[in-house]
Every structure is written in structure tokens, then in C-alpha cells.
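Next up: some structures, all given as C-alpha cells.
Below, subunit A partners subunit B and then partners subunit C, in two separate complexes.
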Partner chain A sequence: MKGDRPGLFGETARRSRRGSSGSAGRRARPGSSGWAGGRGGGRGRGRPGPRRTASPSARRRRAGYLFSLPGLVFLALVLAYPLLYNVWTSVHDVRLTELLGGSSPFVGLDNYRTTLDDPDFWHAVRLSLVFTAGSLLFQFTIGFALALLFARPFPFNGLLRSLLLVAWLLPPVVSGTLFRWMLDQDAGAYNALLRAVGPDSLAHDWLIDPGTALAGVIFANVWVGVPFNMLLLLVGLHTIDPELHEAAALDGANAWQRFRWITVPLMRPVSVTVLLLGLVYTFKVFDLVFVMTGGGPVDATSVLSLYVYEIFFKFFRFGEGAAAGLLLLLVPLLAGAWYVRRLRGEGEAA
Partner chain B sequence: MSHPVDRRGFLRAAGAGAAGLGLGSALAGCGSDKQSGTVTLTWWDYFTLDNFQAAFTRLIKDIEAQVPGVRIERRTFPFADLERQITLGAVSGDLPDIAIVDNVSMNTLAGSGLLADLTERVEDWGQADQYYKGPWDGCQVDGKSLGIPNNSNCLALYYNTRMLDSAGVKPPTTWDQLADAAQRLTSGERFGLAMSAIRTEEGVFQFLPFLWQAGGDLDTFATDGATALAFLDDLVAKGSLSEQCVGWTQQDVNTRFVNGRAAMQINGPWQLPTIKKTDVEFGVVALPRDKEAATCLGGENWVVMASSDHQDKAWQVLEYTQRPSVLVPFLVGLGNLPARKDLADTGTWASDPALRLFLSQLPVARPRQYGPGYADAAQAVAEAEQSVLTGTSSPSAVARSAAPKIDRALEER
Partner chain C sequence: MRPRRPWLFTTGATLLTAAFLLPVYWMVNTSLTRPDRILAETPRWIPAPPTTENYTTALSDDALLRALLNSVVISCGVVALTLLLGVPLAYALARIRMRGSGTMVFALLIAQLPPTIVLAAPLFILERRAGIDDTYLGLIAADTTLTLPFAVIVLRPVLRSVPRELEEAALVDGCGPVGVLLRVVLPIMAPGLVAVAGLSFLIAWGEFVFGLTLVSEPDVQPVTVLLNAFVGTHGTAWGALMATATVISIPVVCVFAAFQRFIVGGLAAGTVKG
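Our next item is the complex of A and B:
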């Protein structure tokens, strides 16, 4: 075993991680949730004791409910209540004028209809999809490339990696402001760079031209997202047993073949997780875009989250805003549901 | 009248309202023969910058000393957050007794039922005619007085004296002169004119004067809007105005002016303290006119919330702040202009030529008083301006397509 490989969690953590991908580890997971009433394949099997009336398992289950109660209450307060309130709002005509009187009439699905009939909404949906797809594509490929790079030892590896992480640690408002400044045509660093290496015409007011503003915002978001992708993918790379590569090399597989047939398939679960997290995060990005362009120029970067924000806090049409907000939630929700199903399927298959 | 509590209460952070209430009422009980105890009034505003704090501290201290039985608990929010906080407060029931709001917020707040009707109190007070028409009208909605103007500002044209002198250009007074001057002052990295055309209310605030100067208003956007847009489009086409202005706030514009990247700028009096700290030699003239002279009115209004249990006390506070002996030092401390005509010859604005110019523009300054649909109309205006200045569409085409949106928004009642 090569000890000099920069391990993120150290050697022991790595071994235990690898262990958890074995069958024993797989089964341990559903088993541990058995007391909370999981569909326990492992529950009965684990305790073959004599079955009495109020069995310990029932008592355990009761205790489990009790222990999860504070968490459930917390979730209900901070998640369920606002969400339900939002649903309520979305089927009422809530405007600033009715806020105090409380006479917000029930309007059924009118708010959804208004939203779905609004060309600006669909414009925002398109922008959000382009923004998300573009961000994910570049974040992931660049992140993957960097992860491959940092997975091998070289001088200052750790230092460079920590520096890259700073990008991810910055609050979006800060990175947004930074990029707004760097992409500025007069004073911006990027245009100075472009002018230095090429003709003046390369310099461009990225955020001022409606044709390139979205690209500028995606550029910033990619920069923000790359370290996160790299970090998770690097962890993923460390879970791949180096012996597999060694064996393949002995069998005569070249570097590309080893990458294609060992690294890529084994990285699939991590990749899916990374992409999904990226999707959930990117689809609802607000602060970065808000700071960089405020939705402009014209409406070139008015992504869905900004659309919802404006309906709420610029036009004060709360009912419509709630409806649009729930529609905004739909994409991450569907992606999340798909992922959970997939995880569960994997757990059962093992 | 001197309460020992005043200074102590003041020195403590405004957050200790409850304690202040208890202590204050105990003292009021033994110290005075007034039947009412001390009430704590909550007060919201958006004057967060450091250089405003001294004026507010002093005003609040004076109020607590001079208005019987009042204690003030002040909370400040960032500019963009105040209106949102008020609407969120309306949902959660957490609203202040009094607030100082942007005058354009009256469009949104007026119809909301959130503001207390001050009509009778204002009539008894009888000082309505002391105010400039624009600021005063901005507080009158559907025949009701919903606020009192506190201070006013408006836009004018700043110019760099040295640049104009060396180019042999006189400060422009008409659109043609402005276009000509801007072109002759443009060179290299320097633009002749800088203004804000950002997609927010700031950009609209700077655009509306052009619309009004063209002789129109929001309801004639299809024609006069096209004229105003074409004028600005031409400035950009000739390179006299940077296309980047679609991303500039008024603060950015001023930075360009101070750095010598713009020979002229359209901006308000609140930039004066910043400019005066630099060695830029500047002058200020009225915005150049086309068919009419016009500028946009900014400033803040005092409002009392309808939900307040202490509207009488709140009104007493408002009335107190409007006494010339209180208002003049307060506004001087803020670097703001009065909304009262009778204060024109006092304070720094009587002697400072730049402030004096801004003050002289108040009679032609128009409030953005268009009713609850204004936010939608303003958004349509901002997007129209941006699509012209970025070369996405032609002035006439975009004015024609924006006009029905604006009309629809303004019909909203």
C-alpha cells in the first residue's frame, strides 16, 4: 500500500470506507435504522431471541419514536409549517392590500394558472435550465480533472488544494461582488488579461451585453462550484482500491483504459451524488446572480429564483409568488426523490 | 425639563426598550403630574451609514427630552430591506409605530392599509402650505394625508470644471447642448456623461426626468418614451455615454465622476460629502431641458403605522421633528435638503452653492406618485431602457411594446 498518497481522511478512514462498501457494511445500514421502524430485512435476523408479549423490539421502536420526536417537531416547525403556509398562500389571492384585513380570497389554482401563463416565467425557467446545465457541466468536468490531478502526489499538493477550497468557502455575495468587479470592462481583471494576450476586441463587457451576461454568471458559479465537486470526487477516488489499478496495469491496460474501465464505473455513485447536489444547489441559486446582475441587463439573467423574488418583494403579489416558488421547488424535489429511490434500490440490491 | 433617565436610557442600546419602559414610567409617575406613563415608540428607518448616526442620536435625545412621556427604540435596516421588512412585519404582526420611508414607497404602502390616516391631525396642525408641492403631494393619497415629508432631494447635473474649461464647453442647459457637450468631453477612457440605467428603481429614478423633459409622462410612453430613449441611445451610439451604465448604481456613477472617468454626471445631493472629500473641482447645474424643465423627486417621508397603539404620541413626535429649530440641525447633520419652503434661507443649503442649486430645483421636482401598480410600470421602463442602451431593440419599437405593459400596471387599483 502506498502510504505517500495524500489521503483526505488518513489511511484508517480510507480503509473503513472501503470496508463499508462490502456486503456487511451494506447490511449494517438498514439494520441500524431498524429500531426506527425501517423495513428491516436485518432486524429479525439480528435478534433470534425468544419472542415474548411486549417484545423488546416494540419497546425499542417506541423509544425510537420518542427519540426522534424532538427532531420531528423541529422539522415540522422549520420545514413543514412554512411549506404548508406557502401552499396555503399559493391558492389564495394574497396581496399587500389584503395582508392586514386578512380577506385573502381563495382562488384555487388561479395563481398557478397566472404563473404558467406568464411568458416571463417560462423565460426564467429556460434561463434556470441553461444556468444549471452549464454550471453542472463545467463544474463537474473541471472538478473531476482537478480531482484526478490532486489524487496523485506532487509537491504543494495539500497547499494548493486548500487554496482552491477558499473559493468554496467564500459567501456567494462576496464571490458575486468579486466577479462583478473582475468582469467589468474598464477596470476588470479578466478583460485586462484578455487585452494582454490578444487584440483589444477580445475584451468584452460580459455582464453588460445581454448575449453574454448569463455566460458571465455561469462562469462565476462554475468557479464557486469547482472546489466542492473536486473535493467530493477526490474522496470518491480514494475509495477505489489501488490494487485494482495495479492488477489492470499488470494485465497490460494503459492509463486511458484503466481510467475508462475502472475509475469511471467505480466513480459512478459518487458522480451521481455530486451532480445531484450540484443540481439542487444550482437550480435555486439566488445571491450570486442577484449580486452580479440583479437579473439584468434587460432580463438576460432573470433566473427562476430571481423571478420569484421579484414577484414577492418587488410586486408584492404573494399568492403568485408562492405558486411560482413551489414550482421552483419542483425540480430539486423530483431530482431528490429520484435519488432517494435509487439509493434505496441500491441498498436492497446489496 | 431634565430627566436623569434620558441620558442613561440613551446611552444604553435601543434594544433595552422594555427596561426603559419600566424605569421611565416609574419616574414619570413620581416626577410629573401627567396622568399617562411613558410609552416606548418603535421606529424603523434605513439610515445605516455611520455619518448619519450623530444626527439621529441627537434627534432622538431631543425627542425623549422634549416630547413628554416618549421613549424611542430605533431599528435600522439596509435601504433595500426596509420595505420588505415592513411587509414581512405585516404578516407577523411585528410593525413599528413610526417609520421613515422612501417617498416612492408610498405607492406600495398607501393602498396597503398599513399606514395611519393623519388627515385630521395634519389639518389641526395647519402647516401643509409650508412644504414644497412635490414632497407634500407625495404624502397625499386619495385625499388622505398618510405621511409628512422629512427631507427632499432631486437630481441635477454635476460637471468637472477643469474638464469643461479645457474643452471650452459651457455647462449645458438643453438636450442639444448636453449631447454636444458630452460628445466634446468624451476622449479616450473618459466619457462625457455618466448616469445610472440599472434595472432597479435607481435607474428609473434617473430615466424619468428625460421622459418628463420630453413633455410626456408614463401614460404617453409610446411616443415621449421613444423620444427620451432615442436621445439616450444616441449618446451611447456616439460613445458619449457608456453602455455600461446599465449596470451602474448611482454610487458607481459618482465613483466614475470622482475618478475623472466621466466629465459630467447625473446625481443627487447625497453625493456631495463624498465629492467634497476629493480634489475634484466641480459645479452643479439644473438638468438640461427639452420641452420642459423637470427632475425627479427623492427623499423620505415620516409615516405612522395603522397598527400602532400610540398614534397620538407618534404624531406628537412627528410634529416635534418638523419644528424648524429641530429640523434644520437634523437635516444639516444628514446632509439633506428640507422639504419645507420656509427653511430655504437657513442651514447650510442657504450658503453652499451646490446645495442651493438642488434646493432651487425642488419646485420642478416631480414625485413618482403613480399608485400601487408603479413597481410593475417601473420594471417595464427599466427593461425598455436597458434593451435600447444595450442595442437589443430600437427606441420606437421598445417604447411601443412597453407602453401597454405600463398602462396596464397603472390602471391597477
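Our next item is the complex of A and C:
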């Protein structure tokens, strides 16, 4: 999921103008004095600017386009073009041999039809839905509970919170390997703990049994997702005016009532954001599952991203792989479009 | 509201954090345990006495060293490319009134949505055609699609916080737009730049899907792909495996320790909104 992480910063940081500017402003002093030193060189001062030809604002605009050009060209070449090319591939019969210089006949929607007729595809869709729903449910509730705990002031609060975040930043391949080891039947630490608290039969080969492999993968993914959920929800909790709680307490509301009637409703917008980001990122998880089970046993954990990988990179059925990939893209795209619209709506309201 | 017994909360939070971090502890613990004790019936919670045997085994493998080197090269390349392309783009989007800049920002947000595997598929074909599959360049370019949109979106507000007066003063003094960016803006935003560089490094360091699909030469493969290959082939050599995993995690922990204020602050500021 690491590959998917940039968005976590990106999308949330989009609204961060106020916060970031605060911290950057604080740090601006040493930097600005350095600049003053640079200006002291003042070599440009005597040079006459070519200002006669264009107005300063037009010049600036031209500079703006020039500045953005390299980045935009790069993204067009390596991001936009490949995605569009994927659309082309999805309506052509592209095979490995043709990749080496053959022709790829146009087949219309055949690849989509093949994919939609494939029972394995629908199996993968179901697994993705269960994987996503299970991950979201647990990482959100556990994250919320931890956020409520960490919202209280207590010694070492910040340190413990930072430690939790380490789990989230580990490369997914490392987390996957870790959980393979933790869930191992014989020497796995979790099974050792289970054996310690109960009968030996509690120990289980979680990832080898098709009945529990998906649960094992969800377990690991929840572990990866909890810190992120906690952090965002914690920020949300801090925005709630403590006076509301105090007033309610004076009026005789108990802790549960204050939680139910103050915290929950005020946390709704943040919760929607967190769940939606979680949906986008969980739906496309690949590496964690790939490393833990490789999609097995017997396709028990072959979620949609692994299905696409198999069709494309294992069977080299490029056309069908491209079609399945575009179908996989649909969910995050719809969710993302809805989210951005929501953000914009808020922005206009503010 | 001030809880009456703050240390009680500290104790509870410590226990929960410890339980949560058990896998990480177990990784280090296993990596320091003698190989013949790792698969013992009752696992030992403390490696007594600790041994570096697993690390010696893991690091004596040329393939691992090569893969680590590859990952360093790739990650540094991604950081360089991200800053080189991202800073001017972010600056233009933050400061200069241009037609279509709203659309560009929107596109950058959308750019973060596609699952990596969906992008890896066409890139596999296209990079092969272009002859840059199995090269650092091909992998660096692919990884940068993950870091660039995010870097621009994070840097834009940082750039906006640079006092406009400073820039205008420099323009009046005869500095060109490039001079303003290099001499005035960059020094001020250095902390933000360093943090974005650190995060881009982390993303590239942990990247797996592109490494798996776009590269088959061991000479170019990143260490994440190697670790996965180890899990498959040396499935039971858990000691060396956990030593390798620990080695891969060390840069992550270091970078996080260095930039955690920014990471937490940036994320925090992101969701807070009046």
C-alpha cells in the first residue's frame, strides 16, 4: 500500500494551507536572512530588464507556463498516456508475440465481455468487497477508539502516538513478511499466544487454510491502516470545542450521552473523509496480499488487484488485463470524484 | 477536560501500543535469535543471548547488497526527479495566475487515484517498446508518478506561505522569475523541501509493484522485490528473512524520526478545517 500512500498526504494536505503556512512561517526567519545575504550580492540590480516588450504580469504568466511545463510533460508521458494506452489495449487483442512487432486486431468490447463472463473475476470482486469492508470496519472502529484515548492529555502521549505511526510507514512488503511470520502455524507468535491462553486447538494455520486466509490478510491490513485512521480522527476530535462537553456535563449528561450526542455528530464530516480515503486505498491494495498469500490458497485471497496482475503479467492476456484494470479503476475514480466535489463544495461554503 | 489520573491513561496507552507493535518487536527479536532456536515449540520473548548470526548470513549475500544499492539509487533518483519537476510546477501553481491552473490541481488530485497495478500494466508494454524496461531510468520514472503529484500538492501551500513582498522586492531589484525562485523562495521553503524529499524517499524505498513488474534483471531490482522472492524460496529461513526485513526498515524509521513533526503536522493540518 505504500505506493498508494502519497495520496494520503496529498489529498488531505490540499486543505492544509492554514496549518502548513503556520509552521513554515515560523521557520521562515533563518531562511529569509539567508536570502538577504544572497541579495547583498545584488548582481542583478544594475542589469536593465527587458520589460519594454511585455507587461510584468504577462511575463510572469509566461514564466508560470514554462515552470509547469517539464512536470506536466512528464506526467503526460508517464501517467496520462499509459492510462489512455490502457484504454486502447482494452479494445484490442494484444498478446505477447504481437508485442514484439505484430498486429493487434481491434476487438471492440470483447475483452470486457470475456472479463465480465469470467467467474474468477466475480470471485475477485466479491473478495475485494469483503476485504475492503472488513478492513474499513475494523481499522475505523479501532482507530476511533485509539483516537478517543489519545485525545486525552497524559504523559508520553506524543511519543506513543509516534510509535504507532511507525507501523504505518513500514514498506508493505515488510509488513506482509512480518505477518506471514506472526501467523505461522508452528512458530508464529500469535499462535503461541493463543496456545498460552487456551487449548492447543486454538492455534491455526491462518494463511494456509482457505477458510481463514482472507481473515488473516484483513487482519494485517487493519494493522497497517489503524494508525492513519487514528491520526486523522484524532485531529478531528481536537477541533471539537471542549466547552460543548463541559456544558453538557453541567447539564447532567453522562459520558456515553456526551459521546453519542456531541462527539459522533460533530465527527461525521471527518469520518466520511477517513472512510472514503480508506475505501480508495484499500480497494487497490496489492503488495500486502501478494506477499502474504500470493492470492492463494486456491484463490481464497485473490482480490481484484491480484486478478489483474495474474491476467496481465502471468498469462500475458494484455487486452483482458487492461479491461479488468479499467474496471478496477472505476471504484477509486468514482469515490475520488465524489470526494473532490465534496471538498470543493465545502471550499465554496467557507 | 483533564482526566483525573493521567498516569492511568499512560499505562493503558503504553500497553495498547506495545500490543500493537508486537509484530515489529517480533521481527527484531527473531532477527537476533539463534537460527536453531527460532522454530522452537515455545518462542522466546527475549533473544538471550542475542546473536548477529542472521545479519551476517543475510548481508553476506551479494544479491541483498546489490538490491540495497539498487534501492538507494532508485530512491535518490526519484527524490531528485520529484524535486526537479515538482518545485517549479508547485511554484507556478501557487503563485502565478495562469489559465487552467485549477484544472491542473484537480488533475494532480485525480492522478493519485489509479491503483499502481493499473498503471504498471501499460507502462510494462510502453517501457519495453521504448527499451527502458529493466533500467533504473524506467523504474525511477514510474515511481515518480507516485511522488510527483503528492509533492506538488504538499509544496503548493508551503510556497504560498512565502511572503509575497520578498519576491516583489527581488523582482523590482531586477531578478528574473527563475532568480526569484532560486534565490528567494527556495531558501525560505527549505524545511518543506527537505520533508517532501524525505517522504518521496520513503515512498520509493517501499515501492514494490513497479519493481516487480517493470524489472526482471537482478542488477536493477529493488530490495522489496528481493525480500518477496526470499519469502517464497527460503520460506523457513526466518532468521535471515527477519534480519533482511529489519535492515530494510531502518531507513524508514530514521527518516520518520527526522521528519515526524512534518508528517504528523501535515496530515493533521489536512483534515482540520474550521
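The working rule: the second predicted complex is superposed on the first by the 261 of 350 C-alpha atoms of A that agree within 3 Å, B and C clash if a C-alpha of one lies under 4 Å from a C-alpha of the other, contacts with A are read in each partner's own complex, and residues count from 1 in each chain.
Throughout what follows, contacts are C-beta pairs under 8 Å (C-beta built on N, C-alpha and C of every residue); 3 or more make two chains touch, one makes a residue touch a chain.
Here the structure is a predicted model, which means the values were calculated and not measured.
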item	value
First (subunit B), second (subunit C), both or neither touched by A:314	first
Subunit B versus subunit C as contact partner of A:116, first or second or both or neither	neither
Of subunit B and subunit C, the chain that contacts the larger number of subunit A residues	C
Which superposed partner A:182 touches (first subunit B, second subunit C, both, neither)	second
Which of subunit B and subunit C A:325 touches, first, second, both or neither	second
Which of subunit B and subunit C A:272 touches, first, second, both or neither	neither
Which superposed partner A:299 touches (first subunit B, second subunit C, both, neither)	first
Partner chain(s) touched by A:137 [first = subunit B, second = subunit C, both, neither]	neither
Subunit B versus subunit C as contact partner of A:162, first or second or both or neither	second
Set intersection of subunit A contacts, subunit C complex versus subunit B complex	99, 180, 184, 186, 294, 313
Residues of subunit A defined as touching subunit B within the complex	96-97, 99-101, 180, 184-186, 205, 207-210, 293-299, 310, 313-316
Residues on subunit B engaged by subunit A in the complex (per definition of touch)	83-84, 87, 90-91, 108-109, 111-114, 189, 198-200, 243-244, 246-247, 261, 306-307, 372, 375-376, 379, 382-383, 386-387, 390, 392
